[in-house]
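What follows is a set of structures to go through.
Next, two complexes with chain A in common: one pairs it with chain B, the other with chain C.
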Partner chain A sequence: MSREDDVLRAEFDLEFTYTRSTGPVIGRFYTDLRDGKLCGIKASDGRVLCPPQEYDPVTAEDLSEFVSLPDTGVVTVWNWVKQPRAKHPLQKAFAWALIKIDGADTPMLHAVDAGSESAMKPGMKVKVRWAKERKGAITDIACFEPA
Partner chain B sequence: MREVAIVSYAQTPMRRDAGANNDVEMLMGTLQEALSNVGMTQKDIDFTCSGSCDYLGGAAFAFVSAVDALGAVPPIAESHVEMDAAWALYEAWLKIQCGKADTALIYGFGKSSHCALPDMLCLQLDPYAMQPLWPDSISLAALQANALLQSGKYTERDLAEVVANSRRNAKGNPKAQLKGDYTVEQLLKEPTFVSPLRKHDCCPISDGASVLIMTTREKAEKLCKRPAFITGIDHRIDAHGLGMRDLTVSTSTRIAGEKAGVHKGKVDIAELYAPFSHQELILRDALGLDPAKTKINPSGGALAGHVFMACGLDRIGAVATSIMNGEASRGVAHATSGPCLQQNLVAVLEG
Partner chain C sequence: MANACAVVGVGQSARYRSKIKMSIAGLVREAAQEALKDAGCTWNDIDAVIIGKAPDFFEGVVMPEIYLAEALGCVGKPMLRVHTAGSVGGSTAIVAASYVQSGQFNRVLTVAYEKQSESNAMWALSSKQPFSPHLNAGAGGFFAPIIREYMRRSGAPADTGCKVALKDRKHALRNPRAHMHEKPEDLDLEKYVNSFMLWEPLRFSEVCPSSDGACAMVLASEDLAKKSPNPPAWIHGAAMRSEPTMYPWREEVNPQAGIDCAKDVYSQAGITNPRKEIDAAEVYVPFSWYEPMWLENLGFAEVNQGWKLTEEGATFIDGGDIPWNCSGGVLSSNPIGASGMIRFAEAALQVRGMAGEHQVDGAKTALGHAYGGGSQFFAMWIVRSTKP
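For the complex of A and B:
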């Protein structure tokens, strides 16, 4: 019974036998990103939220009124990462920032390739650097860069 | 409302790496210590509730193995939250309020030494717009710290003062991992890590476990000279998206503090779960605490040792211990969860 052939074997693939739909709001955001566009959604109080949210953050109402947005914005808050971690979107020193897309009222999180910490300023104008290959995900935005 | 009081609390030393000790081994001695403090065995416990994170163990239902430490034969009434054990305490408190139990044992444990905790914490983020970017917990905290500095409310010097106080207070805490005398000037000379935060502004990675026992007034008064009564407890949550809230304040902490009745009396001590130095300042403001009147984090707080999933319970345990020892009459304990103080629990304890 010592031969390899005598050992009982069974194939086993670990898989999750369900699919997840991103739904009408995140789905629209992702589809726009794939097409190289940005969108926001109108909240109950008229503010434009980007990234769009399915529910109003204050009243919890369903949201559905989309607003097309440009791929430019301004930095509201940032930090400076000297040594990127292995999974970070950039493998050189960069800033994480909250970026208010022009026409939106709430900021989104992303990376800014600014070269140096001293280049980061409040109200700094930035634009999207699109990923070479886009597939409908937040990573379709490779990062933002000074505009 | 039934009056519920904490009668016992035990904690392992917080260590950077517990080595070959697994969760059960970390827990067993601490459980026995908490039970023997009040002359109890597991048979005296009506309800047991734990808080831990399966991602640390790297397997679904990893928390179940920890039940081995309890000796759960014959079967016991037991529950678990995939949250800090402060929320396990909240569940047990509700169970007692509902009349389904009189005495509850709560435990929390975490062994973070074998994983990259700042990266692992990305898994709690919005899975669509944030998590795929892998913004680690230190990076997000640094964003919040910069928002606070830019607001002009505090300076880097204030952050360093929080750290110096924590290290100094921790000298009196035999369980603390980081302690010592540091001047603000010394700390400010250190280079930034994820700017504007320096390494000492961030909590350490710690392994450990904690156990707490609470019961009704009638039983508590027989078990303990000065039980620590929970006179208020509440938890609230802020919006999921970081851009949806003002990062320089903690609205959920403020509301939880009001609901728990923080200012219905004098606050002798406060233990705040602030994994990053600037967050202690935000929490202090949210709860309206004056450091001249209230001792803040006399244990050293999360900056002196941070057992992920037990640190919030440890804040409650530290306040309860001060009351049981007669060092304080009334105190506030706070626990947090999520990025940049997203979810917060506040408990008021009185002797």
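For the complex of A and C:
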């Protein structure tokens, strides 16, 4: 049995910064976020998808009809995080939630700063809390908060 | 006895480049749509999609096949991901073909891709480890000592590698999709042998570029292939073999798995003399010296004699009796995950008579080849213009 101080230890940080071409649809979504706006896209069956998708989930055709959306929505389901981790968007207890933006037919995943678990309810109205500095990324939405 | 299967559609990126400004979904879709068009069909005509991709951590997208479902029209359809490192494009084509040969599906779309501009293969292959010196070696650093051993054994002239690279870059000028289109005045042996040393004995001029790109094929059963608008390339043999990266008696210069794989695929296709019976070959040569090494491994030349074929010009499209990599090969375009499938697809284009300016006149039988990992994964197929 080796003692604790017999064990070799070394710093080991393995990291690499990936880049990504976002394309005409996700790229537009991110650009809108930077400008403090939300957009969706119209699918072949008439549904509005938010976040938008490049290709239709039913027919696989290219999608291009963007729809401007408000920065409000409703929570469909959530998961309460009691102890956030260092890379989580909030450093206090919060909810990961699926949020259907008003005017959209599909939900998006984001954080909700509701204060306490008991404040979370299905169908609760929320609105975007925009990040102070925005740069065209999903983190431009700091989180959602009760509306 | 397996059912017959043929390549009825081929699609590739319009041009392999160092940076294609499309999403990954857009990249695979471009190739897939071209393959569908060639095959005269739509997304609805496809029964299943088989995707190949080199390691996830190259681009940092885990299980990318799931995100690509809409782009490839396969929501609600069977989809399978294949992963065998650099040989993955070849293995993926073989897996896709096996679904048609087994009768499970009648028409399959198969796709492979890489976005080297959004990844870092060098980093991914040479990550720093605690208590070890950090060797920023990459693939070239791994293969260079094996090449030195080949040179020692065979006594090949030092510039054979440069001649291979020069030949493939000349081929690339006939392929509008090739990444490397060098100026004619730069296609000069003097310049090639004086280019800077990267990994002794490999010079900059002798290594593949880092490319973005995708390749796709539509594979169909006999009935459907006979109705397809363009000539089919019939699969006469398909084989895969692998061996561990390291074991004490491993023959690294001429790997046993490659020899066994070639033997298997030739026997399926009834080939006894590959140099005589194969009209065109697309063989995975990312570093120049792998042409003479694979000429031997694949039975086109005796052991330690492969370099003579290169020196004689046997592998050049003009006047060569066994043209290798008329598309320009991996030395001219290397979207890693796609590179193996490009070899298989280019072999198919040759026997379909659809290779354009780099067509080998009257090619009836062609070999597609891919290798990956530390020369340990092999995938090969033989396609012909006639049905088995």
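As a convention for this text, the second predicted complex is superposed on the first by the 127 of 147 C-alpha atoms of A that agree within 3 Å, B and C clash if a C-alpha of one lies under 4 Å from a C-alpha of the other, contacts with A are read in each partner's own complex, and residues count from 1 in each chain.
Following the convention adopted for this analysis, a contact is a pair of C-beta atoms (placed from the backbone, for glycine too) under 8 Å apart; a residue touches a chain by one contact, two chains touch by 3 or more.
Please read all numbers here as calculations on a predicted model, not as lab measurements.
By the touch criterion defined above, A:Asp45 reaches neither chain B nor chain C.
In the superposition on chain A, A:Tyr18 makes contact with chain C only, not with chain B.
Within the superposed three-chain model, A:Ala111 lies in touch with chain B and out of touch with chain C [touch as defined at top]. Look at A:Trp96: by the touch rule set out above, it reaches chain B but stays clear of chain C. By the touch criterion stated above, A:Glu54 is placed in contact with chain C alone, chain B being left untouched.
Applying the stated contact rule after C-alpha superposition, one finds that A:Ile26 touches each of chain B and chain C.
Applying the stated contact rule after C-alpha superposition, one finds that A:Leu8 touches chain C and leaves chain B untouched.
Ranking chain B and chain C by residues of chain A touched puts B first.
Shared interface residues of chain A (contacting chain B in one complex, chain C in the other): 22, 26, 53, 57. Those residues of chain A whose C-beta lies close enough to touch chain C in the complex are 8, 10-12, 14, 16, 18-27, 53-60.
Only residues 20-26, 29, 43, 59-60, 70-75, 115, 117-120, 123-124, 127-131 of chain C touch chain A when the two sit together in their complex. Of all residues in chain A, only 22, 26, 29-30, 49, 51, 53, 57, 77-82, 85, 87-89, 96-98, 100, 106-111, 117, 122, 137-139 touch chain B in the complex they form. Chain B meets chain A in the complex at residues 116, 118-119, 122, 128-130, 132-136, 139-140, 142-143, 145-147, 150, 192-197, 239, 241-244, 247.
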